[in-house]
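For reference, the structures are reproduced in the following blocks.
Heads up, the next two complexes both have chain A, just with different partners, chain B and then chain C.
This part shows the complex of A and B:
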């Protein structure tokens, strides 16, 4: 009973309701094995971006550069994959490692901007995101990089024991992040910082180091999302996934992460991801245009924030 | 009773089950000065908010000039001539004296354009009315605290003030400035303006007041002509008992030196501060608001970076301006403002205590959550924090219990020196005595404690030695047994 009254409990109910509604609207197509599999391949890439967003939002910050980081990492990896021939699976490993290195470096830059130079996260990452996208365009001239070894497709398109690999990857990352947030000093510190940055300073929490780790983690997660996108698209391009930024923010907020910091659970984000995927696939099946999608996501984001703010102020009085 | 400007009749206000004002009734006549005394949490601020129209009472009637007001709001209240001067004055620091004074009056004219000449005229006339000369074009941020207060008074006067409410008017003033303020109050009264002083330190304004009202726990516990009250009787009424706390147990003569501060300097905050602290010693640092006491307290914990000076603890130098290094060296800091600086209000009580011990319980990378929370629970018990549900957000606790949570956080780290800035601000009388007991306990364990406070009875009851701070300098070093409360008050404010 207590679970149903929590943010996550409500979300579980919403996810179930959306699932049932979509099943009712298009029973033969929505409930098909084919649709289920297709959904399981689709959502991990933006779900991982939502995890990255969650980490920064817990500190009361935000990372608007996640899509930029994902694309830049993918382009670096793609360049390695296309330039070096005949390496087989080894070269894929090197390329992925390089991509994550790019994500870490980009995150480090964001972290320094926010922690050491004290820029507001929303502006720092808006700017750095443009820089990352700009570098990606400069490297590629704006066109797609393609022609990878076959092994590249494994991370995005294969299955392990019948379960899509990207889904497994997302599951592992979500579990890892959940443990990191609840079972380590770092996780507690970043949440406490989000709850009250000033008190964190007065409590002698190492704020700068914590924030830098947060943005590095976000950058690394974004790079992993970039690898999934690259593998599934079998190419890398500077402007892939441009609608994912809003989606990642929406999922985090819908998942109960407080945009002012201090509260949020990974399970909530996972439930929000599922809700969004059910909604997205279902809308697709009942024939809602792709162009209406952003309108719907934007409205949903505002609506969720209004409800959350209204609930929070209701609790205060 | 027709001349009464404001009347409260059985006014009651509750906040989520807690009664802030309990059937309070009183009246203020035109040209009358009234003292409203009470400790923090006694209901004073609620009463001001109701008068200003910010809060609505649950029951009771408020009348202004004989007219019952059933839905007072800030605009109606201001239109009726009720002006509140808050402790921070709510001035615009970057605007000039004239603009600040004339601001509300200009808004009242409903004009969209700025009339420089009229602004200057209004300001000049208002300043003349209280007989004060402040340059009209000076930016308010460059003024002294006393002058800012005068500007705030003038702003209230510039718009037909009939009752001026002054919140903690004397906390930041020197004795001479208080005299100037009192003269101005007399002029205002002669003009028919009523004044309501709201404070927990009112002895110094008693002489201009006709009437005293004392609140305790939301109830009016005393009311009468000002002549019937003195500092001691005010305190007795406010606290409900004779507060004559015993002085601390004497410090052992052979107590070793624990901390030494030499030549600490921070431009604009404090100058050339040096002192020593012995093991088991409770050292008071007392000074008026703005004397530099808070900046000094923060500097000891690395939150303010002094440009010169040295802090040594156990003979080892502590890096300046680095709270992590200070905490690592064994210095703890309990901040002045619990709600914004001390607590993570939305987080659980246990979490608020254990946040200081994350590194100790997470050395391997994985947090020993069981051990961490068990330790926090143990501290709740040791400091007898009344917390029905330790997993509830810390904001659900009362002020005294919240303060003990912050103390517990630092005590759990076994510090060598604790800096307590205003250790009992905003806590009730009972908790205050218990917090003083905790301080005595720390001293008995051999910790060095620095108590920063302008609550003189508190300083006298807890400290072995008192450093008096004024204009950024330590001007006196007095053993606490050799000074009385009134004597100390003179030394602070002279």
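This part shows the complex of A and C:
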């Protein structure tokens, strides 16, 4: 029973239960190859955003600008793709690099605001998120940018050896992040700062540099998510994925990441993502509306927080 | 003197004066009664929301669900009054709205004060729960025929007049409700024991607990009070717009918090003034209504608000950090 005492263990059980329940509700449709493939194409975009959120939450912060960064970098990439003609696959590479560059720059701005200027992460990323979204609106006038070369669709819509490319991308990012958090000095410093900022300072950790790296990493991940969204939607728009912000917070918290900082595992986030996608697809098949999904997500977020708080206080006494 | 100049209120007031000065230079017609009444009108609903957000911030929490509370309240009230008691006068509609809002706020209060969950996560969750519940189980269609009481309230004006160029201006009676909410909140914060306790909890929960403050009770009150204010704002919004649209209001929450934070309230709790909040709301309404007068296209609106938030919160944060470094 020790398995059940860890957050991740309980999550694995929840994911399995949701999977079985949905399979029982709509056996022929939920278990079909078609559904499995479409799920594998759907979740990586918000799962990558959830990874970005996780990194900042581990330091006790939050990044409310992830969706703004994703959309802004997608619009920059889209503008390059539509304005420069005749480059072929090369131009796609340039556009993607530019998008990641935008994500890194945006993250650097967040990092400086949080680390050097000492703004609370909620306010810093709330303000910068408005700015990123605002620039995206101002650049496009609020309309969608479309008409990309065919090579753009590769990242979001193709398969490699039968596995959807976005899923492979998410897998690599999750694995990379997991290694970064558990096997490097940066990961240890980051979690130390999240667990106890004062102790981290007394342990002579360069806090400012660590925080800046955290927000840059978050920005870069958000930009990659933006690329997946752009490629799948075959367009870029300033208000895409606005519901993903709540979803990213929800997944991180559901995955056992402590919003006060210090604790969280990538495997937990992955399990949480799977749970959400099973729930979402399954409910879709039974004909539940998008609004009901919002209701269920919100309830789940609160429920998970209650359970986690109970367990935490139970351990203390 | 130095404290006066470094205060957020002074900063925001100066920005407002500069904004109006520049606007008057580029369009002499800007300084008119019509502009003023437009601004006051724009500040009615935002102002009530902001007062609620202020009291939560002072208590050391954050609430993003109040727009959803307002949307649910106005929709449910309009629907129930239409179906069951259309004879209700306008003030009863406002009271019913406050009651529904207070009940929804009590859900936040229970989760935060009794269960001890983090405020941002809880209210993010209840935001989508309230909205999702309304759109799934209550309805998604606009209510275009409001109950008679709300329609009557929608037509009430304090002043009405005609400009030199023949256009009309008017100030809605709901402005008095906003003013009342501000006065009531001022009274609670500065003339009651409860107000001192809210500041104390925002300053340090642990210290407040040790001097014998009922932390849970005070926190619970704060979220119920904010819910009631949000419900009130929802009814006013629907009455003034003459339609109850369930898709309205949600999405405004971050602008409201931005206004309050601009006015000097701190996310860490324990600090915040009503003067600052009113000035912050005025600045946000100015930016939303009149950015175009300065020759900046309306599409740059959210960039402007974002920049204002970062400057308004960054300056004091940076000063505090510098002061701390000097002290060490």
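Rule of thumb we're sticking to: the second predicted complex is superposed on the first by the 313 of 317 C-alpha atoms of A that agree within 3 Å, B and C clash if a C-alpha of one lies under 4 Å from a C-alpha of the other, contacts with A are read in each partner's own complex, and residues count from 1 in each chain.
Everything below uses one rule, namely that contacts are C-beta pairs under 8 Å (C-beta built on N, C-alpha and C of every residue); 3 or more make two chains touch, one makes a residue touch a chain.
Since the structure is predicted, the reported quantities are computational estimates derived from the model, not experimental observations.
Looking at the superposition, the partner that touches the larger set of chain A residues, chain B or chain C, turns out to be C.
By the touch criterion defined above, A:158 lies against neither chain B nor chain C after alignment on the C-alpha atoms of chain A. After overlaying the two complexes on the shared chain, residue contacts for A:301 are found with chain C alone; chain B is out of touch. By the touch criterion defined above, A:195 reaches chain B but does not reach chain C. When the shared chain is aligned, chain B comes close enough to touch A:184, but chain C does not.
Of the two partner chains, chain C is the only one touched by A:292; chain B is not. Listed in rising order, the residues of chain C touching chain A in the complex are 62, 111, 115-118, 120-122, 124-129, 131-133, 135-136, 140, 254, 257-258, 261, 267-268, 297, 299-307, 309-310, 313-314, 317-318, 320-321. Taken together, the chain A residues at the contact with chain C in this complex read 62, 113, 117-120, 122-124, 126-135, 137-138, 141-142, 246, 249-250, 253, 259-260, 289, 291-299, 301-302, 305-306, 309, 313. The residues of chain A lying in touch with chain B in their complex are 183-185, 187-189, 191-192, 195-196, 198-206, 262-263, 317. Taken in their complex, chain B has these residues touching chain A: 16, 303, 323-324, 326-328, 333, 335, 340-347, 351, 355-356, 358-359, 361-362, 365-367, 369, 409.
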